[in-house]
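In what follows, structures are represented as C-alpha cells.
Shared chain: subunit A. Partners: subunit B in the first complex, subunit C in the second.
On to the complex of A and B.
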C-alpha cells in the first residue's frame, strides 16, 4: 500500500518526576533474578507448606491423600509468582498505585534502548524484542515436542520390543500433545503478531507495551511446570486429560494444570493487546477496508482466544481443585460430572484449531499478493471467511463428544454446524486459489509454502468433514485416522504455513536474508516426509488401529514402519530448515529494507527497525495491495474492446 | 485549537490523554469480556451440576447449604462501594477533587471490608470444598469473588493515591472511570452468583447419569 510520511513537530510533553534512574526497579531485574526468586519462593513454599498441607490432608478424612497434591500446587504457584516478581512484572502495577508514572526516559529504558542483546533477557516492552523472544521460545517448544514425537514414533516403529514403560509412554504422548498445541498456538501470533502487526498498521508500539512483556514472561513461567511433569509421574491421559482419569493422576498432572492456567492468562493478555492495537492504533488513512489481511487474521484469532481461553483455564482450575483440594466438579461419586469437563474443555479445545490455522492462512494471503504482484482476490470474501470461522467455531465443540454418551440428540445439529464451518474455510481457500489464478508467480519459498498449506488444509479439511459425521465418527473416533487428521490441520496447515510466513518476514525481523537454497531442501524434505508419515497413519486408522496404544496387532506393522521412517525424515528436514534459519540469522546476506518490493507499511521502514518503528508516523493514501499490474485477462478484453471501438481490423 | 493545546498529554508517548484513554477503555472492555467468559464457566458448572445431581451428590451432608444472607451482604457491600466510586468519579469530572478523595476513600475502605467479609464467609461454610458438587462450586464462586474484591481493593486504593499525587485530575479522570466500570461488572457477577447460590440450592434432578463407580484415587 502506498504511504506518505508526515512529520509534525513533537509537542513539549510535561514529564512526571523522575524517581531515580530511568527504569527504576527494572534496572536490577532480568531472567536470572526471576529464576532465582522463583526457585527460592517455590522451595520456601514447599518447605513451609509440607508442615501444613500434608497434615491437613491426612487429618481430615474428606481430604485424604490430597495434602501432597495441594503442596505441589502451592509450590508451582509460588514458582510462577516468584518468577514474575523477580523479573519485575509487579513493578508497573505498584508504580501505578503509588502514582509514580512512567516518564519518557523510563519508557525508553523499558523498551530496551541502548541495552544490546541483554534486552532479550529482561522485562522489555518493545514489541520487536517480544516478537523475537516468542520466536525463540517457539523454536524451543518445537524442539521439545519434536523430540517427544520421535520417542513416540520410535516406540511405534520398533514393533518387536518395548522401548518405554507403558506409563512413561503415555506421559510422552500427553506431554508431546500439549507442548505442540502451545507451540502451534503461538507460532504465528507470537513472533509475527508482536513484531510485524504494529509496524504493518503504522503504529509505534503495541497498545499496552507492559502487557506485551507480561504475556511473554507468563508463557516462559508456564513451561517449567509442564516439563517437570515428566519427572513427577507424568500426564498419562493424553493432552485432553479427560476426567475422571485426570483426578486419579500422579502429581505431574499439577504441572500440566498450572501450565495451562498460566498460559491461558498469557494468551488472554496477548489477545487484549493485539485486538486493542489493531482497532485503535492504525495509521491515519488505514480505514477498515485497508487493513492488511494478516492483521485481520490476527484479530480474528485473538478474538477467539480472548473469548474461549478462560473456559479452558477454568476446566483446568476445576480439575486441579479436584486433584489437590478434594472438590468434586468431575468426580461422579460426589456429584461431579465428567461431561462437564468435556464441555468446558472443548469449548476452547476446538476453536483452538482455528486460533492456530487462521493466522497462518492470513499470513500466506498477505505474502502471496507480493509474490504474485496482483491484488488479493476478493478481500471481502477473505474477511467473510475469517468472520464465519470465528462465529461458527463456538458452535462445534460437541463433535468431540459423540462417543461419550452426552446428549445423543444434539449430535446431529453439531454435525451440521461442524460441516458448515467448512464453508467459511472454503472462502479462504477460494481466495488463495483466485489470487494465484493467472498471477505472475515469483517462486520464492514463502510463496511455495502457500501450495503446501493448501494441500494439507484440503486433506485435513475433507477428512474433518468425515469425522464430523456422527456415523463415521462412531467408527473412526478412537482410531489413528483422527490423529492423522488433526496433524494435517495443525502441523500440515499451521506449521508449514507458519514456516513460509517466518521466511517472508525474516529479513525484516533479523536484518538478514534467509538462505532459501538450503531452506527449500529442508522445507520440502519435511513436507514430503510429512505426507509419508500421516498418509500412512490414515491407512492404519482405516484399518482400525486404535490411537494411544504402544502395542498393536501385526496387521498395522507396515503402516507404522512407514510412519516412523517418515517421521525421522521430517526431523531431518526440520533440522536442515533450522540450520538455514540459524546460519542465515548469524551470517546471512544483509537484507535491504524492502527485498520483496512489497507495498505494505512494515517494509517501508528501515531495517533494522528503529525503536519507534517510523521516523514519523505514516499516512495511508491508497487501497490495499494495489500493485498496478492489471489482470492479463481483463487487460486483453479491454484492449480488444478498444480496438473494436477504433475500427481496427485484425 | 486552544482546546487541543490544553489537553493533558500522556508522558511516555506525548499523545493526547484522551487518545490513550480510548485505547485503555477498549482494553478494559476486552478484559471484562474475557472475565465474563470465565465467570460463565463457573455459572454453567453450577447449573449443570445442580440440574444433573449425579449420584445424588449435589447437596452437602445433612443438606447443610450455606446461609443466604452473607452472599447478599457481600453483594450489598460491592454495590454500595461501586455507587460510591461512580459518585466520586462524577464529582471529580465536575472539578471537585476533594469530594472525589472522600468518596473514593470511603469506597475503597468498604470494598476492603467486603473482601474481609468474603474471606470470613469462605472460612465459615458449614461444609468443606469436597462435600459434594454444591460445596465445590460454591467454594470456587466465593473464591473468585475474593479474587475480584482483592483486585478492586488494589484498584480503588490506586485511584485514591493517584489522585492525591495529582495523576488523576478533573481534566484527566479516565482511570477513575475505568475502575468504576470494572467494579460495575464485578458487582453484576456477584449478584448472579448470589442468585444462583441462594435460589438454586436443593436439586430436583433425579435422572442424571451415574457414570459408574469411579473412585477419586484409582484404588
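On to the complex of A and C.
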C-alpha cells in the first residue's frame, strides 16, 4: 500500500500541569516491586487469615476444610491484587482521584521512552513492548507445557513400569492441557495482535494503551497460581475439571481457578482493546474493504473471546465458591447439577478452539500473498468464512456432551450446527488453495508453513466431521482419537501456523532476520514427528484406548511406543527452532525495513519501529494486496472469443 | 511512499465483453498444462481413500468388534464418512503437492534465495465459478453427512431399545434390565429381574436386548462397552439410559471413558456374552431367583 504523508498543524490544546517528574509513581515500580508486594500481601493474608479461620474451622471437620480452602482462595486473590498494585496498575485511577491528569511527558514515560530494555520489565503501555512481552511469555508457557507433555508421553511410552504416582500423573495431564490452551490462545493474538495490528492499520498505538499493559500483567499474575497447583496437590481432573470430581480436589484446584478467572479478565480486556483499535483507529483511506485479512482474523477471534470467555470465568467462579465457600452449584448431593457445569464450561470450550485457529489462519492468509506475489483469492469469501465461524461457533458446544445423557434428542440439532461450521471453515481452505493456485512461490519458511497448516487443518477437519456425528462419537468420545484430533487442530494448524507467522514478522519485531536454514530443519523435524505422534494416536483411539489413562491394555502398546518416539522428535525439532529463534534474535543479520517486498503498512515504516510508529500517519490510497500481473490465460480466452465471433473452428 | 492522492484511484478489472461458451472455456481450462496432473493426483487420492477406509475399520476391529448391531451401524458410518471425505483431502493435497513438487514448463514455478522476487504471479482476485462450485460441493457434502448422521442416530437409538428384527417375534426373548452403578473405581451390575443379583463383571445372554440404567454414586464416569459401541455417562444424582443387543459370543471390554480420579485407568471390567443356557446357569450359581 503506498502511503501519503501529510502533516497538518496540530490544533492548540491546553495541556495539563506536570506533577513531579514524568511518570510519577510509575518511575518506582517494576516487575520486582510487583513480585515483592504480591508475595508480601499474600503472606500477610495467609497469616492473618489462618489466625481468624482456624479456631472457627476446628469446630467441625467440614468447616475446617471449607475455611482452609477459602483461606487459600483469599491468599491467591491477595497475590494477584498485590502484584498488580506493586507493578503500578492502580496508579492511573489513583492519579485521577487526586485530580492529576496525564501530561504528554507522563504518557511518553509510560510508553517506555528512554528506558532501554528495562521497559520490558515495567508497566509499559507501548504496544510494541507489550507484543514482545507476550512473545516471551508464550515461549515460557510452551516450554512448561511441552515439558509436561514429555512427562505424559514418557509415562505412556514406558508401558512396562510406572514412572509417576497416579495423582501426579493426573495433575500433569490437567496442567499440560490448561497451560497449552492459554499459550495457544495468546500465541498469535498476543505478540502479533499487539505488535503488528496497530502498525498494520496505520495507528500510533492501541486504542487503550494502559489496558494493554493491564492485560499482559494480569496474564503474568495468572500463571504463578497455576504452576503452584502442582506443588499443592495438583489438579487431578484434566483441564476441563468436571464437577463434582473437581470438588474432591486438594487446594491446588484453587490455583487453577484463580488462574482461569484472572486469565479471562486479561483476555476480555485484550479483546476490547483489539476490537476498538481495529474498528476505530484505521488509517485514513483504509475502508472496510481494505482492512488486511489478519486484522479481520484478530477481530473475529477477539469477538469470540469477548463473548465467550466470561462463561469459562463463571464456570470457575461458581466451582471455586462450591469448593471454598460451601455453595452447591454443581454438587448433586446438595441439589446442584453436573450438567450445568459441563454446559457453561463448553460454551467457552468450543469457541476457544476457533479463538486459537482463526488468528493463525488469518496470519498465514496475510503473509502468503507476499510470497506468492498475487492478490488474496476472494478476500470477501475469507471474511465470510471468519464471520460464519464466529456466528456458528456459539451454537456447537453440546457436541462435547453427546454422551452425557443430559438430553439424548439434543444430538440432532447440534449435529447439524457442528457439521454446518465446516462450510465457513471450508471457505478459508478454498481461499488458501485459490491463492496458491498458479502462484510462483518464494520458498521461505512462512510460506511453507501454509502447507503444513493446510494439511493439518484438513486432517483435523475430517476427523472433526467424524466426531461431530453422534453415532461415531458414541465410539470415539473420550478416546485417544479425540486427543489426536484436537492436537491436529490446535498444534498442527494453530501452532505451526503461529510459528510461520512469527517468522514472517520476526524482522519487524526484533530488527533482525530469522535464520531460516536452522529454522527450517527444526520446523520440518517437528512437523514430521508431529505426524508420526498423532497419526499413531489416532490408531490408539480407533483401537479403543480411553484418554487420560496412565496404564492401558497391551493392545495399545505399539501405537503408544510410536507416539512417544514421535513426541521426543517433536521436542528435538522445537528445540532446534527455538535455537534459531533465540540466536537470530541475539545476533542475526540486521533486517531492512521491508525484507519481503510487502505492500502492507507495517513494512513501510522503518525497523526498528519508532515509538509512535509513523513519522506522519499514513493515508491508504490503493486497494488491498495489489500484487500480480494480468492473467495471461484471460488473453487466451479473449482469443477464443474472437475466434467464435469469426466463426473459426479451433 | 509516493505522491499525494486526494481520492483513491480505483482500478476495476475489465470484464471481457464477449466470453466464449462455457464448454469452450472448460475445454480450454482442461488443456492447460497444470490441470491434468492435479486432476490425476486428485483421482488417485480419492481412490486411495476407499481401501484406506477399511484400514480404519481394521484398527477398530482388533478386539472383536463389531459385536452388536449398534457397532455395525457405527462402523458403517465411519466407512462412509472416510470415503466421502476423500475428495476434499484429495483436492487440498493435489494443489499442495503440485505447487511444491511440479517442475518444468507450464508448472507454476518457484523462486529461491534471499532477495524478494519481483516477478509477480497472475492477479486472480476471485473466480466465481470456483467459489460457487466449492460452496455448492461443501454444502451438499455437509448436508449428506448431516442427513446420514441423523438417520444413523435414529437407527441406533431404536436398536438400543430392542427393535432388532432378528430378536422380535412371538418367541423373542424378554429384555433384561441391568442397573449399572459407577463408583470410584469399580463398576457394579445389578439384575433386578433376576432376583437382584449383583456382579462386577457383566454376563449377558446373546441376542437378548439389554437395557442399562446407568448412574454413579460419586463423580461422573462414562460407561463404555468398547466392542458393542455403547457409551453413556454415569452421572451422580441422575439415571441415564441406553441399551444394546449383543450378537456375538465372547468376552469384551468395559472401560471408563471419563476421567474420574486416582485410578481412572484401572476402572475396567469385562462383558461376557454367553448363550441363554449358560446365562441361566450363571444366574442360578449367583443365587438369582428367576431367569428370563
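Side notes on the structure shown:
Going forward, the second predicted complex is superposed on the first by the 616 of 650 C-alpha atoms of A that agree within 3 Å, B and C clash if a C-alpha of one lies under 4 Å from a C-alpha of the other, contacts with A are read in each partner's own complex, and residues count from 1 in each chain.
Following the convention adopted for this analysis, a contact is a pair of C-beta atoms (placed from the backbone, for glycine too) under 8 Å apart; a residue touches a chain by one contact, two chains touch by 3 or more.
It should be emphasised that the depicted structure is a prediction, and the values quoted were computed from it without experimental measurement.
Once chain A of one complex is fitted onto chain A of the other, the partner contacts of A:244 extend to both subunit B and subunit C.
In the superposition on chain A, contact of A:104 is made with subunit B only, not with subunit C. In the superposition on chain A, A:280 makes contact with subunit B only, while subunit C stays out of contact range.
For subunit A, the partner touching the most residues, choosing from subunit B and subunit C, is C. Once chain A of one complex is fitted onto chain A of the other, the partner contacts of A:405 extend to both subunit B and subunit C. Look at A:51: by the touch rule set out above, it reaches neither subunit B nor subunit C.
Contacts of A:332 after superposition: both subunit B and subunit C are touched.
Of the two partner chains placed around the shared chain by superposition, neither subunit B nor subunit C is touched by A:28.
Counting contacts by the rule stated earlier, residues 244, 248, 332-333, 337-339, 405 of subunit A appear in both its interface with subunit B and its interface with subunit C. Looking at the complex, you find that subunit B touches subunit A at residues 9-14, 22-23, 26-27, 30-31, 33-35, 37-38, 40-42, 44-45, 48-49, 52-59, 128-137, 139-140, 154, 157-158, 161-162, 164-167, 208-218. On subunit C, the positions that touch subunit A within their shared complex are 1-5, 8-11, 16, 18-21, 24-25, 28, 32, 34, 56, 59-60, 62-63, 70-71, 73-74, 77-78, 81, 85, 88-89, 91-93, 95-96, 99-100, 108-112, 116-127, 130-131, 134-135, 138-139, 142, 145-146, 149-150, 152-153, 156-157, 214, 218-220, 222, 224, 226-227, 229-233, 235-238, 240-242, 253, 255-266, 268. Every residue of subunit A that touches subunit B in the complex is listed here, in rising order: 10-11, 13-16, 60, 62-63, 65-66, 93, 96-104, 106-107, 204, 207-208, 244, 247-248, 268, 271-273, 275-276, 279-281, 306-311, 313-315, 317-318, 321-322, 325-329, 331-340, 343-344, 405.
Residues 2-6, 166-167, 170, 173, 236-238, 242-245, 248, 285, 332-333, 337-339, 372-375, 377-381, 403-405, 408, 411-412, 415-416, 419-420, 422-423, 426-427, 429-430, 433-434, 436-443, 451, 454-455, 458-459, 461-462, 465-466, 468-472, 474-475, 477-479, 539, 542-544, 546-553, 555, 595-597, 604, 620-623, 627-634, 636-638, 640-641, 644-645 of subunit A are the ones that touch subunit C when the two sit in their complex.
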